[in-house]
């Protein structure tokens, strides 16, 4: 759409200008069509809009092709069971991706989520170990709570003391990780120490779908509503798109940042509990380095590191793609030594293609402008 | 309008001088030293302090060029993987009969190439941020290392190779000497040459630099290539210290390196910071770890301390600004 | 109940180091367009920010309809019906027009705090129609031209149905006709009873619109007059604090041999078969509307963007500048349109800025000789008479005019013989303007060939030996010094057969 | 002025911060005896001899137990134990710790190597400084140690695991191995021995279809296991010679209700595996007692320091409750064998799951 608009707008603008001109009985020349879009401004965002569409289709196509390819190699790939597994294993990643998207939209990044996840998970696990009678819901809430606290601390550092996100999260990553070890005293919490009710969080099913999937879906629905249909949600984009004017239009950027990191923390906390419940074990080094996968998912999903843009639909695809890779590579007997390389390549190629397509569209738009 | 003469002197303020970030590092360093001396009777001992450098200086070689990259306003998180890849290739070649000196040269060449590729990608695809580019090359480079070495470790280097990481020249660890030499080179490059000046310019305002006839692309490529090269240098020393190598060495180095650079007062938004700061930061963190190691502080406590140190150090000046507003 | 809708008394605002406003007064009547004038750095923008609640004043009171008010944040001001359209359009390129209009006061459902998109789109559409714009409110803001973005900004002001609308240099980025458009809108708003504070450097803006004018100088209040009761000269004196004898000190330089010849230069989507020549000592004006492709042509010659068609001959030899560096080595210099983003490293000392493009000169095998550097910097800074304490002051601390002078000084370091000046006086105050004109004609006399890109008629007419007018990427007319007239230029820069042409263009 | 305050604040803050951490570390000392820092933080300089142990990485219960045993042994002979473990399981970090211990002039270093060769230069340096060096559990190469404490003969482990799994699957069917990282040395040796055992004719019908690597990460181990199950629908057994892997596999099999269809065995922590052994997903599995490994290492270290042994073949020493042990050959080095791997099944798991 936006492409036509981009093209369509300027000339008519002018013609209508003429109309108003006539109305207010103004001198002739002014009525004449004039405005050509300033080339500087025009291509940029309208393109990124196109890309947003285009890239998602492209990503989808890529996923489909990949899936077919794998299916040919291993027929047990496109089975209900396996798809279910993929979804289950991707659920946690995709939940985190939501938070990360919000953070990146505000021009930030959060390296600490792996550690936050571990801390929340460990605390929840230790709690249920002590009080097996405890309702799993309480455990979940506890995890989320701890996550929120971690996130709030980060938010404070970023929003109030305005430390660069990458640094603040890098530092706190160490702190949270360390705390996790301190908390557990180097021990693990293992299956037999967890009440079944707790493990059931991750194994239970709702109408045939694993809880994790359900939770993820719910979160996505809420997130979609939040970013698209609430004032705060839009303000997040505003802050990322142009922080200065956000100030001027009376948006409390500080609060928005704080909020965003807190949400990220909360989701990480939730993910922590789910993780621990899913694998029925809590370790100090849970999910170390996981943040990179999450960021990769966002990038694949077309969330722009420059801030301001990013769509729910995009990160769904991004997470799914990663999920499929993790599941498929072992299944088609790719040598374990190649898996790293392949994943890296796919990420790189995805972003490069993206860039190239963008340029292509750019050129086309210029062609359309007759000189 | 009447032509006015400009003063010749830069107005010097003691305040401004004392307020440089580097002084805060010095203060921190002293504080740290005092603390360590009180904690352990083994700390204040020349031999120990000397040998300690051997175990933390390998990373430092990467810190030097990383300062440039961050001043230009980019970032390179693939350094750890470059170390692994170049080290693995060197070891593999040597085990396949290539003479060690040549293998070492190839190691440097590989590092340089990796860096060059990073630079090229960053320059040719300006719409991608360096974070993304190096994030993917990080995975790829280490991936290649795994493909090459599979599940083995390669090693059994000639004894003289130990020299790099373990021997002394006139009672001073060779690695320390090497570092000092490189440090001086990079300091000179950054602060005394047109190249360094251009790097600062680019970090402060890329377009203006370009319009002022600076070949921004070329300089970016050079900076990334330098980083690759120095990562390979780090690979040499690290491999020598380990006596063997495997695809997972130098895991997570990128974070340590970046942490040091930032602690050194180089702003990740580009254009600001000094080499001396980064160097101070290297020794600050290095000796802090060492000192706490002497009293066998548990790894997790160490993590927390380093993390908090980073946060606190970075917050101080911000708090100051905060008051201003 | 006072006769004034807005009244400020003795406003003072100090930032660390600088006194931005010093005991300032201002009175605004309902339904009045009140021009606020003053050189850059006179404190106008700060004043606006005080009114809109971005800054809180240190001293002084503010009265709305005679009631004392004090805004804690922009929201308060909005509620009180004050809206501002800022100098540099402050929009969210990644968001739709609708969102830009309603940002900060979105329509939300009572119970569920849901955003009412349909309603907002509809209202946005209405507003845009009123303002004679026809793009869909769902367009991404970033896809609009500067002029269109201005219109959105105004729509924003209307959407809060503001009683007081502040326009901070809204015409700075607009072409004459777009300004005309804006004037009409402003008048319309006034007739609907809104009061407008109009800030501008352009006298024509003021005479065209305002009934009263208030002048600030050096963050102090100078006075308020009825537009018709103060002469242009007096106004300038009030603003600058001294007479400006001659605004266009055009000296006759003797024109030498040909330096540059451009033949059929073209770049897809930006400009096509552009041909012209430039000779020694000549000032060639390049004018036309914003977006007519002037900047692109210049940057093509300067090697920023490669042209796809055509040849450039430099002193007879063919030359295709690969990069700015290459162009400068040949002897072509470019003074970019946006000095803050493209011309200067604001966070740097004046000196360093000046020497940036000629570091090699002051270095041996890469080693930088700072002594030499400082001397050169000082010499040049004095030559263009930059107003500063020393070359160690930060570029950001300078006024627009002085910043521009620094960029000039930078050009002088390289030994060039062609200077391309892209809007050299944009957003520069009257005083500095004439100083810059002086520099330009001195350069011409000393043998430089100069291409002067500008949208300001008087400037073109006052300075140029020849003028090339561009429209939609093509040169539509050449005129000699004698032949240059406002009308002629206007005629050449407007498309006569444009409407249908445009249709094709965008089809 | 406030700027100066800021500077001062920096100093104060950093001081208090660091001191604070030092303090916090002292509290640990008084607080829990399990904390490594305990004995050392107080900076004791008595006649006590210092025995250090370095494990692979922190936060690993298996390692905690090994160190606990070591500590027990050392304290039985009234000396001071220093327990260290890096936060990442890398040789780099261990080298650094060895340097620190050399500086502290400890009397002995026992190390669980993250890499057999990488530690050689550092350990050599230690020995030159007159420090007695031994390795336990995961060995370092012969040149860089005086003696190795072997928890169990890799050959025996490899062969027993194969025997075990073939017994579970009734002597025929496909089996797969889920290992730790592709880099892990002792896993790799065990796998070698498994393959050797499989060459025996009586396993003609047992087919090893794949060696997968879970990198000792939960998520990866799980997806690898799932991949195994799907790629080899008629898979009968899984051998996971690593604590994380076997637990993850147990979890997958339980969730997918494959109990009894796919057999699971390997090496795992009773505490981690209790669930699945009791449920029968894994009929039985093996492991030695890490506490004993550490304990034995402790006594070996004491013996090295007071000179009863030098690490030569044939020497004997008494290892507290474990009785007398003899040093035997191991390739070109020497080692002390703890004994056979211990078999955990439903009958005895209950009593062990609380121990480690």
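Lettered A, B, C and D in written order, each chain numbered from 1.
Methods note: contacts are C-beta pairs under 8 Å (C-beta built on N, C-alpha and C of every residue); 3 or more make two chains touch, one makes a residue touch a chain.
Only a predicted model underlies this, so the values are computations on that prediction, with no experimental measurement involved.
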Q | Joint neighbours of chain C and chain B, given as chain labels | A | A
(Q) Please tell me whether B-D or A-D has the greater number of C-beta pairs in contact. (A) B-D
(Q) Farthest chain from chain C, going by mean C-alpha coordinates, please. (A) D
Q.
Taking the mean of the CA coordinates per chain, how far is chain B from chain D in Å?
A. 33
**Q.** Rounded Å distance between chain C and chain D, as computed from the means of their C-alpha atoms
**A.** 70
Q | Whole-Å gap between the CA centroids of chain A and chain D | A | 38
**Q.** Rounded Å distance, chain A centre to chain C centre (Cα mean)
**A.** 39
Q) Considering chain D alone, which of its residues make contact with at least two other chains? A) 35, 57-59, 87, 182
(Q) Which positions in chain A are in touch with at least two other chains? (A) 177-178, 180-181, 284, 337
Q | Interface hub residues of chain C, defined as touching at least two other chains | A | none
Q. All pairs of touching chains?
A. A-B, A-C, A-D, B-C, B-D
Q: Spell out the part of chain C that touches chain A in their complex, as residue ranges.
A: 52, 54, 73-75, 78, 84, 86, 90-95, 99, 103-104, 106, 108, 113-115, 117, 131-136, 138-149, 151, 175, 177-178, 180-181, 184, 187-188, 266, 268-272, 289-293, 296, 472-474, 490, 494-496, 498-499, 501-506
(Q) Could you list, by residue number, the parts of chain A that touch chain D in their complex? (A) 74, 76-77, 79, 82, 85, 89, 177-178, 180-181, 184-188, 190-193, 203, 275, 278-281, 283-287, 326-327, 330-331, 333, 336-337
Q) Of all residues in chain B, which touch chain D in the complex? A) 15, 18-19, 23-24, 27-28, 31-32, 34-35, 39-42, 45, 47-48, 51-52, 54-56, 146, 150-151, 153, 155-156, 162, 165-166, 238, 241-252, 288-290, 292-305, 308-309, 312-313, 316-317, 319-320, 323
**Q.** Complex contacts: residues of chain C adjacent to chain B
**A.** 16, 302, 304, 323-325, 327-329, 334, 336, 341-348, 352, 356-357, 359-360, 363, 366-368, 374, 378, 381-382, 385-392, 410, 414, 431, 435
(Q) Help me check something: in the complex, which residues belonging to chain D touch chain A? (A) 32, 34-35, 57-61, 63-64, 87, 182, 210, 212-213, 218-220, 222-224, 226-228, 230-231, 233, 244, 247-248, 250-251, 255, 269, 271-272, 274-276, 278, 353
